[in-house]
Amino acid sequence: MAKVISIAEAVDMVQEGMTIMVSGFWGIGAPEKVIDALVEKGTGNLTGISISTSLVDRGIGKLVANRQFKKVIVSYIGRNPATMEQYEAGQLEVEFVPQGTLAERIRAGGFGLGGILTPTGVGTELEKGKQRMTIDGKDYLLELPLKADIALIKAHKADKSGNLIYRKAARNTNPLMAAAADITIVQADEIVETGMIDPDEVMTPGIFVDYLVQG
Amino acid sequence: MDKKELIAKRVAQEFKDGDFVNLGIGIPTLVGNYIPEGINVYLHSENGFTHIGPMPKDESELDPDLINASDQHVTILPGGAFFDSAVSFGIIRGGHLDATVLGALEVDQEGNLANWKMPGKKTVGIGGGMDLVSGAKRVIIAMEHTSKGSPKIVKKCEIPLTGLKCVDLIVTEMAVIEVTENGLLLKELAPGVTVDQVLAATEAELILSPDIKTMNV
Amino acid sequence: MAKVISIAEAVDMVQEGMTIMVSGFWGIGAPEKVIDALVEKGTGNLTGISISTSLVDRGIGKLVANRQFKKVIVSYIGRNPATMEQYEAGQLEVEFVPQGTLAERIRAGGFGLGGILTPTGVGTELEKGKQRMTIDGKDYLLELPLKADIALIKAHKADKSGNLIYRKAARNTNPLMAAAADITIVQADEIVETGMIDPDEVMTPGIFVDYLVQG
Amino acid sequence: MDKKELIAKRVAQEFKDGDFVNLGIGIPTLVGNYIPEGINVYLHSENGFTHIGPMPKDESELDPDLINASDQHVTILPGGAFFDSAVSFGIIRGGHLDATVLGALEVDQEGNLANWKMPGKKTVGIGGGMDLVSGAKRVIIAMEHTSKGSPKIVKKCEIPLTGLKCVDLIVTEMAVIEVTENGLLLKELAPGVTVDQVLAATEAELILSPDIKTMNV
């Protein structure tokens, strides 16, 4: 059973120095209300994992603009001037990960894999510090799992057992992050009673979900 | 009380409200019948869902597409969800199950487990057992203490392993034994069973808890 | 677009010596009609990949009973006496793979990964011939991808673009196998026009599907 | 005809009916406007769906949860499907896309591609480009032939690579060049462009096809 909590209770779980995953693709599918409350609270020294640092006024981008991260692990920072500025000034560490590799690393973290071999990045400067392995005549890089203390994600609909349904392109990294954090907090547009979601339509099973916040 | 019933009843006390658990075939399956009142335990089925419900009461409840991993027609309880095999074993491998209950051929004093292959017998395969012992938060072995009089709790497993140092707790019709860093700790005795009887039926060395209790079954 | 073909056309694609993936868990979610036709045709010398060899009268088990495989890659053979008999007699090669590892290997094949690291099987005889790697203090085995020439799978509902919906526990390896074969053939209980399935409810996107057969 | 329009129009002729394609940002995006009549090409969006449709005609068609990877509101055509990021890049990495069309800063005669990082400029990241070039069946580069007069088709990429030996075809406003095992093969010229003009604007060595055609644009 997932527990329904207030937004204040949700952001109180995020402690200084934690690693958090934040869903969303240009903010679509990001838990904006929880993020706004976390900006308000100002918890800092965080490490953030997300597809990109979004825009300054959308999704994880707001937390960057408010200087709450010491490090971000993302595939792209180009549309958030706050990220660019802090990165160039040496105030923010940025680990660039190809988008598909990022998705697999988060999935590996959630699903107990020690790593995955991907052809992405072979022969590029991203190979630095990574093990290259040849399998069946083709080269791959060993990429390691990503996990987080807390995942902040967004669902369209949740039941009180934590089963989630997403909508259109708002799905993106949500199902992956749900499994990869010690604590998964979901902002849901709609929270319904257990039994009101057809078990065949569930996109993230409740076993991955700890807390629900009304969106 | 029947041996198997006693084991299942004791194992069922290990869960707390809200736990997700996978039960293996045999005695472990019986555990589901003894979950204490007020405790909700959600059962995971390897073939791809959570919240296994009871067998269908009649034809009208029977769904041809709904079996458990042992090929029995079952139902799904409210709050359950279906998923594919990769997600199902992602749940297992990723540490999302609070416990798994499995049978054993041998368990040794390092917590090694052998339960998939008997030397000299036909190998039937592995199924999901190796995944379960590598991933579940707690591995609970539910088995009879001996097999045809021979100890199953041994110094060192002699038959092919299912998992290395993976067992957390052993529950038999005689005793409850915890696998600790220092070795096997005898914590509880079944009603009427003595420490000497357990020692005689066990090949592995046992550490006696200073506070051995009687199983509450 | 997926092409709707006859069962005869479907089984004609399976050639002697090919590797085929066959979905189903104790036959639930297996394309029984296609399998029956393939038994009828008798194409042999195949390699089969499936969760188990099922029972002699269900799913892939029928093909084993008809001696159409030279090798099977499965997690379990225990309920099919035909498999046991051919295996013991040295007429059938059996590669045993833990069920979760099998699922990940098929997924890796379909998703272009060179392999995955799993803790499953470390310290057991399955480790033989495999690379053990230590990541962050924990041991894993490197497991390699599985691919097939043809996947024979089963859907509850398909649209003519190949988008698939499964039902209850019949989903199992279907979505994984759909992506891991050069040619994916789906037996569907119901085939509807493109546009009749909500894109949010699709469980296997049509991009993975080549042919549809009416179930 | 505008340079970019010409490039996009020529690239659009590379597809066959039923192809699944991913179009990058810039000139590649324009390719979608020139798909020949009678050819259905299905566009894949990295953020998680296939069958990208046109931009919404009005507010009533606009869905806040439906953007493409470039953050533009779009629609989805019948036959499309939504999925998560792991499936989206499984499609890319697993070779399920018939082609990807991307821009480039440099391409060299071995088919190496550089398009994500300019030395001395701020790095903005990688996005999905490295995955696309490692996984799509064909990598088509759609770019202007030179940058401020400097050749972009070079002997050896000097700036950080996006992918090793990944490019299959280069289409510019001057020429169509195929990457072959023997080197770069000049196959087509834009109307009015001469071989000498292409050679002068190209640093890499070019093999001249015995049968150089004029682009049909």
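In this document, chain identifiers A, B, C and D correspond to the written order of the chains, with residue numbering beginning at 1 in each.
Operating definition for what follows: contacts are C-beta pairs under 8 Å (C-beta built on N, C-alpha and C of every residue); 3 or more make two chains touch, one makes a residue touch a chain.
This one's a predicted model, so the numbers in the text were calculated from it and none came from an experiment.
Asker: Just to be sure I understand: going only through chains that touch, what's the smallest number of steps from subunit B to subunit D?
Answerer: Steps on the shortest route: 2.
Asker: Where the centres are mean C-alpha positions, what is the separation of subunit A from subunit B, in Å?
Answerer: Going by mean C-alpha positions, subunit A sits 34 Å from subunit B.
Asker: Distance between subunit A and subunit D based on Cα centroids, please, to the nearest Å.
Answerer: Each chain reduced to its C-alpha mean, subunit A and subunit D end up 29 Å apart.
Asker: Calculate how many whole Å lie between the centre of subunit A and the centre of subunit C, each centre taken as the average of the chain's C-alpha atoms.
Answerer: That gives a centre separation of 32 Å.
Asker: Specify, in ascending order, the residues of subunit A that touch 2 or more different other chains.
Answerer: In subunit A, the residues touching two or more other chains are 104, 107, 112-113, 118-119, 166-168, 199-200.
Asker: Where in subunit B do residues touch at least two different other chains?
Answerer: Each of 49, 76, 82-83, 86, 89-90, 92-93, 134-135 in subunit B touches at least two other chains.
Asker: Throw together a list of every chain pair that touches.
Answerer: According to the stated criterion, the contacting chain pairs are A-B, A-C, A-D, B-C, C-D.
Asker: Quick check: in the complex, which residue numbers of subunit A touch subunit C?
Answerer: 104, 108, 112-119, 133, 135-136, 138, 140, 142, 144, 165-168, 199-201
Asker: Which residues of subunit B touch subunit C in the complex?
Answerer: Subunit B residues touching subunit C: 45-49, 63-69, 71, 76, 82-86, 88-90, 92-93, 112, 122-131, 134-135, 160-164.
Asker: Which of the residues in subunit A end up touching subunit D in this complex?
Answerer: Residue positions touching the partner: 25-26, 28-29, 51-52, 74-79, 84, 88, 96-104, 106-107, 118-126, 156, 166-176, 203.
Asker: Taking the touch rule as given, give the residues of subunit B at its contact with subunit A in the complex, in rising order.
Answerer: Result: residues 18, 20, 40, 42, 44, 49-51, 76, 78-83, 86-87, 89-96, 134-135 of subunit B touch subunit A.
Asker: Using the touch definition from the top, list the residues of subunit C that touch subunit D in their complex.
Answerer: 1, 107, 110-113, 159-161, 163, 179, 194-195, 199-200, 202, 205-208
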